[in-house]
Structures are given as C-alpha cells and as structure tokens.
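See structure below.
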Amino acid sequence: MSDSNKQIDEIASQMKMANDGLSEQDKAYFCDTRPHAVEPYKGILEKFANWARSQSLWILGFGTGCGAIELRPLMTSRYDMYRYGIQPRPTPRQACVFVIGGYASVKTAKRIVRSYEQMQGPKFVLGLGSCTVNGGMYWDSYNTINRLDHYIPVDVYITGCMPRPEALLAGFNTLKGMIREGKAEGMNKYIENFDWYKANQKKIIKDWNMPDYNW
Amino acid sequence: MNDILLKALYTLISLFVITNYGLLLGGTMARVRAKVQGRIGQPVWQPYIDIIKNNFKRTGIYHGVMFYLGPVFRLAGGLGTYLFIPAVYGSVVFANFSFSGDLLLVMYFIFFGQLGMALGAGQSGHPYSPLGVGRGLAQMAAFEVPFSLSIIAIAAQYQTLSITELVAAQQGGIMNWIAFTNPLAMIAAMISFLGMSMGNPFSVVIAPQEIPIGPPTEMQSSFLGMLQTNRAIFNGAKLVLFMNLYFGGAASIWVMVIKTFLIYLYTVIVGASFPRFRVDQSIRFFLGIPTLIGIAAVVLQML
Amino acid sequence: MNIIEDKFSVWQKRFSLSGFENKSSELAFVQVPADQTVAFITTVRDLDGYKHLVFFTAVDLLEDGVFRLTYMLHNYTTKHDLGIQTDISRDSASMESIHHLWPHGATYQRELKEMFGIDFPGSPGVNESFVLEGWFAMPPMRRDFDTKEYSEATFFPRPGRKTFDTQEYMKEQLYPSEAETW
Amino acid sequence: MVDAKKQDPRSKFPPVEGGKSRYNLTSGKYMKIWQGPQHPGITGNMSLELTVCGDEVVDCKTHVGYLHRGFEKLMERRKYIQCFPLVCRICVPEPDFNEYLFAECVEELAGIQIPERAKWLRALTLEMARLTSFLMWIGGQAGSFGMGTIGQWTVTMRDYMLDLFEELSGGRIYHMYIIPGGVRADLPEGYEGRVESTLKQIEKVLKDVELALMHNYVFKKRAKGLGIITPDMVDEYGITGPNARGSGVKRDIRKDNPYLIYDQLDFEIVTETGSDAYARTWVRMKEMYQSIDLIRQMMKKMPKEGPFFQKLPNVLHWKVPAGQTYHKSECTRGEYGFYMVSDGTELPRRVYVRGPSYTHAVTLMERLAVNTNIADTAGLMVSLHTYPPEIER
C-alpha cells in the first residue's frame, strides 16, 4: 500500500493539470479552469431542491458492464422504475445518476471518468455488483479496476453478482433517502479531492490523451 | 390604460393555464403510453418535478451566446404560436391576441422555434446536434406542404385567414366542423400533425437510438428546463390550433380539454404502434399521399 | 473416420506433416511445420472444402519455448472440424498472415499480436490495439505474465481479503464428513 | 490520403488504418462520428467509428475491448471447479452455453460419461436460454428502429423465463447449473406445468409481436434491404447462425453435428431467402416458435426418473489428463465454441472461447455498414445480433 501511495504522490506532484495530455491544437477546445465546489443553499430551499432531485433521477444510458442487463427488466413492465421518477437519458449532460454496471475495465474506466465529468451536478453514482466494491470475480484480473471509489465518488453500492432488480430498486430508494437528507454530496467530494482522484485515474490510464477538465 | 393592464392579466392567466395544461397532458400521455406497453408509468406530475430539478442544477455549461439564445428563441416560438390562437371561443380571457390574419403568423411561429433552436444547437459543437437540426428542418419543410395546402383549402372555403372567424363559422352543430365540411383538408392536416408533434413514426429529430438525442444533446440544467416548459406550451398551442381549425373550436375550457386530449391521444396511439421512419423516407411520405390529398382539397375548392 | 485418415495420407505426400490426432468423427488435429502452414491451409480450403475458419488462436508452451498456433477449420459437407497446429519460436515470434484467405483472419491476428506478441507482417491493422488500450506491459496472455501481481500493483485491492486453503476450509466449515470423498 | 473513388469502398479490410480515415477529413465533406460506447443504439458496450458524408456512412470501424476481463488468463490460474462459476460470466444473455461447453470439454478430457437424464436437462436449459436471449433480442431490434413497445412486452416475457431459471438453479441471470459431471439439481415439483403456462404466455405475446412488428409498414420499410449478406459472403466471413440462415444457407449445428439429445428431437432448420435484416428477423421469430416447440418435445420425451449427476473425484485436487479438444454448439448468434488444452495438472492450460460475434461485429459490420444511412447503423448492428463480451472475453 505504501508503495502505491508513494507512486500516487509522485504522479500528483508531476501533474501540471492544464490539459497537458492534449496537443496544442486540441487545447483550444477544452476548458482549463479547475472546478469549484458549490455550496448548497440554506434551509428550506435546499430541502425543496433535494426533494425534487430525489424524485427525478435520470440515469445515464451507458451500460458499462454486464449489470446493464438488469436495467432492462427494471425499465420494462415487470419492475417499471418510471413509477419512482427514474428514467434513462441518452446524454451525460442531462443525466444525474450514473449506474456503473459492474466491473470496469481500464478502457471503460477512461470513458466512465469522462462521462462522469460531463454530467452536471449534483450527480450521483451507483456502484452495481460486487466487482465495483472489491473486484469481485475479477479481483486478480489485469484489466479490471478493483475499487471504484478510488476513481469516482460512489454514493451507494449494490452488492451481488448480479444484483436483482429488486436490489437495484432498494439501492435507488437508499439513494433517494440520502439525497433528501443532503448526504449525497459526491460531486463536491470529487472536487475537493480532485488531485487525488486524478492521480488515481492517471495511474491506471497510462495513455492519458484526453482533457483533464471535461466540463 | 386599464384595458392594456387587463389584457396583460388575461394573457398571463391564459399562459399559466396552457403551461400547466400542457405539463399535465404530457404526464398523462406518458401514462397512456405506459398502459399500451403494459406498465403503470410515471406519476402525472412528473414533468413538474423534472423541470424543478433541472432548474435547481448546481452547474451548467454554456458554449456561447447563441447557445443561450437557442432555448430563448424556442420559447419565443412556443409563446408566439400560442398567443395568436384564441384558445376558447367567445371567452375574453382566452381570446389571446387573435386578429384577422393570425393563421399565417401562427404558421410562421411554428417554424420560428425550430430555426432558433438550430442556431443554439449548432453552437453547442456536438456532432449529433446539427445532424438532428438538419433532419428536423428537412422534415418540417416536408410536412408543411400538406399542412399549407390544407390551410389554403379551408381559407378558400371560408374566405378568411382569421382563426376566430374560422371557429365562428364552425359553430352550431357537429356537421359544421371543417372535419366534416372539408374532410380531405382535415386528413392532410392530421397526417402532417403527426410530423409536427414529433412522435413515431416521424420522431427523426430526437431519435435516441440514432443521434442521441439530436438538437438538445448539449442542453442541460436550466436550458433543458426552459425547453421542457416550451414543449408543454408548444404542444398545447398546436393542439388548440388543430382543434380550432378542424374540430369546431371550444366554447368552454372543458370542451377544449376534452377535444385536445383526444387529438393528443391520437398521436400517442400512433406513436406507440410504429417504429420510426428514416428522414428520407419521412420526407417522401409527406410529399406523397398527404400532399396529394391536400392538392385534392384545394382543387375541390377551386371547382 | 476412414475418410479423414485417407485424406491425411494424401496430404502426407505433399506436406511433411509431423503429427495427426483423430479425436472423433467430427474433430481431428494435424501438426504442420511453420513454413508450410499457410500453403497447407490454402490447400485444404480450396481442394478439400474446409471453407470456414472457425477460430485461430495460440497456446503458450513456455516450457518448450514455443507458441502453438491452432487454426480450426470446418468442412460443411463432411461436417468435420480440422485443427491445424504449428509451433513457432517464442522469441521474436512471427508468422505468415492468412488475411488474404479470410478477411476476419486479420482480426484474429490483431488480437494475437496484442495478447501474445506474435507478429504477422502484412496483415492489415495488425499493430493497432484491439482490446487493450494504453498497454505498456508484457503481452498479457503470455505464460510468464502474472496477472495477480500486476493487478495488486496497479489497482487498489480492498483490504480484508482472506485466502483459505480450499480443502482445509471445506473440511472445517462446510462438509466435515464429505470433504475427502467429494 | 488515398482517393476515395479509386479504392473499392467495400474493402474487406479495416478501413481506418492507424486511427486515420482514408477520407480527407479536413476537406469539410466528411465528418467523423463516434457511436458508442455511451450510445443507446449500441448493443452492449462497444463503439463504432463512423465517417459520414451527409447522412451516408462511408467508413466504419468497430472498437471493442471495453468489457475485456481477461477470462482466458484468469482461467489459467484457477482450478477446473473454480473456473466453472467464472465461465458463465462471459455471455450474459445466455450464460448456459458457456457452462455447457466448458463442462463438455472437461468431461471429454477427463473421460467422464454423464447420465442420460443430465443430457436432457442440459438440452432443456440450453433451449430455454435460446428463447430467453431471442426474446431480449427482438425487443432490441424493434427498439433500434424506435419502437419501444415491443421491447416492453418481450423483455417482460424474458423475465418470466428467468423466473423459471431461478426456480431451477437459484440464479436469475447466471445460473451455474450445468456443472462438469451433470447438472446441479433436478427439476422441481410441478415444473413442467409452470413451463407450459409460461410458454403459452410467450406464444400469445409472439403472435402480437408478429402482428405489430413483422407486418408493420414502417418496420418493413426500414428493415428490408438493410445489411444484405449474400450466400457467398457466408463462407468468406465465417458467418454462422441466423445471420447465415437469413441468407438461405442451411446450417445449424443442432442438426449438422447433433450434440446432447438433439438427434432425438423433431425439427427443421429455419431459413429465409431475403438476406436482409427483415429476413433475419423472420428467422429469429420462427426460431422462437421452434424453441418453444422443442422445449415441449423435451418435456414430453425426457426420462422421468434417473440420476442427473455423475460423482466426480475430489474436485479440489482433480487432475484432468493432458489433451486438447474443441466443442461447439448452436447459440442464438451462431457457433459458440470452447477450445480447451489441458497439461495434466489441476489448472487448465488454455481455454479459448469462440464467440460468433467475433466476426459478425468486427469484419462483417465494417463491411455492411458502408453505404448505409447513419440512422440504420444501430438497426444493422442489432440485426447481426452481436454481443461484445464474447468478442473480447
């Protein structure tokens, strides 16, 4: 552990972070300001906003792993998640919940980071399956990450391989409760520990040819 | 001076009613669609929560001035369409700004919103946005043909381009409706209404499986909230327009609710039972049989 | 079963086949020297009706210092699978390409180049990455690549994983009586 | 840059070399678009790199590897019995084929004969898995053309099938039912009746689907003439399964090289001659009816009593004799095969998984997508019934 911590510190100290993975031509297209944590509103206004957020959860339609197959029954008439105000959206700009469908290979992790950063806050992450918790079945695989929460902040983990749609609904309910209580501040956590997350991401994504700031 | 203030008050009431009606109608129709699919569906008030949530988003991305103005133009198009249609016949509150040539202006405003959106979507820089806009404008040009022919036919029939006068001419019994006095014009217009409401099989603009999701790909937060509000108003306005033109208008607000609900139901049922055309097929479709029906309606009036 | 043995004796006259393994009426394996492999494949494809390339893969025989390539072909008339095997040296591994016989051969070769480091000169897009992206370590399917070690060094193992000796653990916890027999 | 006109646009080989399109992208005439991995029209997690000219696709390149877990490497460091829960994860919609083929390979290498009833039970789960996968697929095919209603109906029916699997094996998605040596459990009490009632429901829905989708004017307009696979392309590209049968090529492993008990069942190979997406949809529709019929036949002909499991030696230090073998079966997408090499130790030396999507999604898709409309790529992709995890494993 200490070895890898040292390695992360090294990467973090070397990072210049102004999209230095990009060519000069591409830099013009991307933003180069750091993100700022957004303070929640005070009092009843925030409570109202949180209630609205909890009642309208838009999932990003990105099936990152095999867990995505249980999203289909969830969307259709057997489990019908629309009843709870949950619906899929095809673009990350409009979505607010990212369901990581199980194991994330390094290649997908790159896209997960990018899609996550493109989502507009407040945004929430559901880690689906044991493989997002500790690697699950693929704990010794050379190509799948073991702990999702080292790369993006995770609000709710749903364990199992694969978790049933009922478990997913229960997970969504937990997430709703967390949002209403104002505990789901994953985005601000990400921004406050931005360097740590970036160093972790850069440790596994060896060919970092995408912008550091994806918003 | 009091008259102006009163008119402003009436307009606000009218807008308030149509916005809420449009939102509730959207929520209801989502449930109808769900019933066709064997589900329960989302709550009727879900569109309200979505709009509130989108407006409470903490961050937002903008891509330039036109990106800001796109949703504004779209909203202006929706408002413009509605404000020149008399929603309830004989009512002072819901008469809006109807005047003697308003039909032409309304047709212009139906186009206007999409053009404004094109500018905003173009500046967002996402490759799917201009694709969607291109599809939308091409299809719009196609379904305007049977719709315009239908309008020409009924304008020739009643010698007027004022919606109020057209509604007045249809009063006094179901057989006076243009749907029965000029069925060809009604058929042509109702087919182009399917294209106008962007449901299947003409949902080429927001085709999630093809170009997710077309023009509003980059729209988020309050931009999206504004677009959703506009969709409610625009939907309501179009329904009221078609009710006025072909189905005898409405003498009271309840008649309006029933008639517009049924017209909307028709598009939803068609939408739930068809896949989507490709854009070239859609254009060919509109320029085929519906256009011929429209021409037949015009020719019949000229004879 | 006799048909394939007859065929084998015919092939034996033209190619120096080093081995033949007749598994069943539906499957047989042939060992061919590396320099004759593509010629042999072309012959069986064009003359003997093995028209369908089922798969193409490699086995890393670290002890012998070779990669064993397996081309599995299928004949739809006799409904017979023929595995054509050839050994190539592990260091600076290189093989003739078969992309001109089957276009999807190029995909298999792209994968082998990435997973085993076997080069196929002339195969289209062979140097592009196929499934791995930004991979700088040894080709992962090589026998001497330790995936567990790599995973522990690269990713963050969640602390608390316990490893038991399966047999002892089963004996104690699950089936005390049956552990020996099952 | 090569002049596009001189080169045959339907080249057999990857069109985009070294990440560069052969079309001049700076000319402003062409645009490069990525479909996926985050794209609702893409099956699973993969992506298509399209070069478009207006609405027409002029170049397509498939990118896979987003789901690569290194199964083949992981199996090299697991014992045979530890591999068994791992293999079913390779293919999510119908994991039973992985279990069956893995078990079959191990049994052949170890020389284990399985009881007769186990064969029937295996064939029963395989056929149920085929039906389950097809039900999901038809929803995807309709959905890719924008008709969500069909998917809502059929995915629910698939869920009822998953209930049957759950009752049989305890798992909804991953069943881990077919174990080397037989199957894990016998049929529960009254299972036959529940299967029959579910099949009746499915038949009813399939009739509706036929009416609402197959005889739909718009669907015919979209799917007819899309993605034509000519019969001579079948051998050239290694096409198997319904994709080949949609072109009138009569090939079905269940009939050609019958495995398990398929030679005792009464069925015909379904073919269509349209060669396009519409014909392939018909083939799969008919195969769904065929699967229903086969399940009924199996339920009838199956021996009612008997052992379903052959006791294995102690699996914890079970050494499988050295050797190699290849086994294949007909899954919903085509020929699914396992090639296994054992070196006489407790761990398998090499397990190679041959997925039919390997050629369908990469080489074939790259060829078929050229000259189609950008709106059709999703429908074309689904009509080939590709599934990414079996490409990259």
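Chains here go by letter, A, B, C and D, matching the order in which they are written, and residues are numbered from 1 within each.
Keep this in mind: a residue touches a chain if its C-beta (ideal position, glycine included) is under 8 Å from a C-beta of that chain, and two chains touch if they have at least 3 such contacts.
As the structure is a prediction and not an experimental result, all values here were calculated from the model.
Trainee: Find the chain most remote from chain B, comparing centres computed as mean CA coordinates.
Mentor: Most remote chain from chain B, centroid-wise, comes out as C.
Trainee: What is the distance in Å between the mean C-alpha positions of chain B and chain D?
Mentor: Distance between chain centres: 43 Å.
Trainee: Approximately how many whole Å separate the CA-defined centres of chain A and chain D?
Mentor: Result: the chain centres lie 30 Å from each other.
Trainee: Take the average of all CA coordinates in chain C, do the same for chain D, and state the distance between these two points in whole angstrom.
Mentor: That gives a centre separation of 22 Å.
Trainee: With chain centres defined as C-alpha means, what is the inter-centre distance between chain A and chain B in Å?
Mentor: 37
Trainee: Got the chain D residues that touch at least 2 other chains?
Mentor: If we look for residues of chain D contacting two or more partner chains, we find 39-40, 65, 68, 70, 73-74, 77, 152-153, 156.
Trainee: On chain C, where are the residues touching two or more other chains?
Mentor: Within chain C, the residues that touch at least two other chains are 131-133, 140, 145, 147-148.
Trainee: Give me the residues of chain A that touch two or more other chains.
Mentor: 61, 76-77, 90, 107, 140-144, in rising order.
Trainee: Among line, ring, star, complete and other, which best matches the way these chains touch?
Mentor: Contact pattern: none of line, ring, star or complete.
Trainee: Which residues of chain A touch chain D in their complex?
Mentor: The contact residues of chain A facing chain D are 60-66, 68-70, 72-73, 75-78, 88, 90, 92, 103, 105, 107-108, 111, 115, 137-138, 140-144, 161-162, 164.
Trainee: Touching chain C in the complex: which residues of chain D?
Mentor: Where chain D meets chain C, its residues are 12-14, 17-19, 64-65, 68, 70, 72-74, 76-77, 79, 235-238, 240, 251, 256-257, 311-312, 314-317, 324-326, 328, 335, 337, 339, 341, 349-350, 352, 354, 358-359, 362-364, 367, 392.
Trainee: Give the list of chain B residues in touch with chain A in this complex.
Mentor: Touch residues, chain B against chain A: 30, 34, 37-43, 46, 49-50, 52-53, 56-61, 125, 208, 212-213, 216-221, 224.
Trainee: In the complex of these two chains, what residues of chain D are touching chain B?
Mentor: 31, 33, 39-41, 55, 142-149, 152-153, 156, 212-213, 216-219, 221-222, 373-379
Trainee: Applying the document's contact rule, which stretches of chain A touch chain C when the two form their complex?
Mentor: Going by the criterion above, the answer is residues 1, 3-4, 106-107, 110, 133-135, 139-147, 150, 200, 203-208.
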